[in-house]
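Note that chain A is present in both complexes that follow, paired respectively with chain B and with chain C.
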Partner chain A sequence: MILERLTAVFVPTHLALAMLIIALFLAFARLLRGPTLPDRVVALDLVSTLAVGMMAAYAVMTNQPVFLDVAILLALIAFLGTVAFALYVGKGRIP
Partner chain B sequence: MSLILRTATRFLLPLLLLFSLFLLLRGHNSPGGGFVGGLVAAAAFALYALAFDVAAARQLLRIDPRQLIAVGLLVALASGMVAWLAREPFMTGQWSYITVLGIGPVPLGTPLIFDLGVYLVVVGVMLTIILSLAEE
Partner chain C sequence: MSGVFSSVLMLLGAAFMLVAAIGVFRMPDLLTRMHASTKAGALGGGLLLLAVAVHFGELGITSRAVAGVAFVILTAPVAAHMIGRAAYLTGVPLWEGTIVDELRERYSTRSRTPNPGTTQD
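After this line comes the complex of A and B, so read on.
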């Protein structure tokens, strides 16, 4: 039972979280360096998507389905900021 | 904005409003509540304003968001005054049970009405800010 939980929950979720954190650092590096504004906007969108993934992995890890609702909410809302950025980049208000 | 965003908004707006109602209704016992629900509903209308334009969002809302603030405050005040009818201090929760076929007794109380007031106030405040900023 304990071994089953270790292989089915503990190891995969920790592995997934570790990879997500590495991806988060890489996305953050692109956010800081990104030569142009669209690069930064896409990096910001990626960060919010990675946060959704981290919440889902954390929900499995802690066996708390409540975190999944937060992930749904963030997934529904997060692209709103990207759309707003795209609107202003398209209008040419931000150099 | 683009046709893709407009089409996606037509599907996302009902979904976001449904999710905001879900957050509002279960807020008493689980994470959620009037505040978060109101924020999600305001985000839904903000998305509509981005995809179409601000005038379309105002027309979809039907009422001026400032009126929503006043209505929400009155609803919250009324939920507190219900306790006076039972000769109890202001804002004491009053509960009644309604039997729904197939589910059993469902507790209904004044905290839900208070949450509804908070929901309306948050939607009104957020939309007043967002729509007037977007109109500039």
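After this line comes the complex of A and C, so read on.
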């Protein structure tokens, strides 16, 4: 039972979270480097998508389905934020 | 059995998200970066939510996860379209190796309207 839980839950969730954290670092590096505002918006959108994925992996890791609601809510808010940023970008010229 | 299936879905989703982040980090200009982040990122998020559905295997959780997958799949192209359009119209530079830019003769970037004489079909 314990061994089954170790191989079916512990190892894949930790591997997935490790990959997602590396991805988070790469997306954050693009967020810092830019070079233009839309590049940063795309990187921020990817960061929020990665946060949704981390919530899903964390729900499996802790065996708590409540985190699934957090993931869905975060996806909704991230979409609204990206649309707002896109409208903001469309209003002005990029320097 | 469902444990193996959910593990495979979870690792696959995380791998797709890692590929998306590598693409965003390495690609040369905005539109190619969006090409990486939108498609691979949405697919990775959907696969991770499906892994949650398979792992718990209850009706309420599965329906919520499927609703989340549908939401991610529906909203990712809309957000990408809005960012891409706003960025193109504000004059973000394209990669120097770009071969085809079909919007160039159809849109006047300065006034952000379609050129007269070209139809918006």
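By definition in this document, the second predicted complex is superposed on the first by the 92 of 95 C-alpha atoms of A that agree within 3 Å, B and C clash if a C-alpha of one lies under 4 Å from a C-alpha of the other, contacts with A are read in each partner's own complex, and residues count from 1 in each chain.
Please note the rule applied: a contact is a pair of C-beta atoms (placed from the backbone, for glycine too) under 8 Å apart; a residue touches a chain by one contact, two chains touch by 3 or more.
What you are looking at is a predicted structure, and each value in this text was computed from that prediction instead of being measured.
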Chain C versus chain B on the shared chain A, clash or fit after superposition: fit
Touched partner set for A:43, first chain B, second chain C, both or neither: second
First, second, both or neither for A:71, with chain B first and chain C second: second
Degrees between the directions from chain A toward chain B and toward chain C, using C-alpha centres, nearest 10: 100
Which superposed partner A:15 touches (first chain B, second chain C, both, neither): second
Partner chain(s) touched by A:6 [first = chain B, second = chain C, both, neither]: neither
First, second, both or neither for A:83, with chain B first and chain C second: both
Touching partner for A:59 - first (chain B), second (chain C), both, neither: second
Winner by number of chain A residues touched, once chain B and chain C are compared: C
Chain B versus chain C - smallest C-alpha distance in the overlay, whole Å: 5
Common interface residues of chain A - those touching chain B in one complex and chain C in the other: 69, 72, 76, 83, 87
Residues of chain B defined as touching chain A within the complex: 1, 5, 12, 15-16, 19, 23, 30-32, 36, 40, 43, 46-47, 50-51
In the complex with chain C, residue positions of chain A that touch it: 4, 7-9, 11-13, 15-17, 19-20, 22-24, 26-27, 29-30, 36, 38-39, 41-43, 45-46, 49-50, 52-53, 56-57, 59-60, 65, 68-69, 71-72, 75-76, 79, 82-83, 85-87, 89-90, 92-94
Parts of chain A lying in touch with chain B, wherever the complex brings them together: 66, 69-70, 72-73, 76-77, 80, 83-84, 87
Residues of chain C touching chain A in the complex: 3-4, 6-7, 10-11, 13-15, 17-18, 20-22, 24-25, 30, 33-34, 37, 41-42, 44-45, 48-49, 51-52, 55-56, 58, 61, 64-65, 67-68, 71-72, 75-76, 78-79, 82-83, 85-87, 89-93
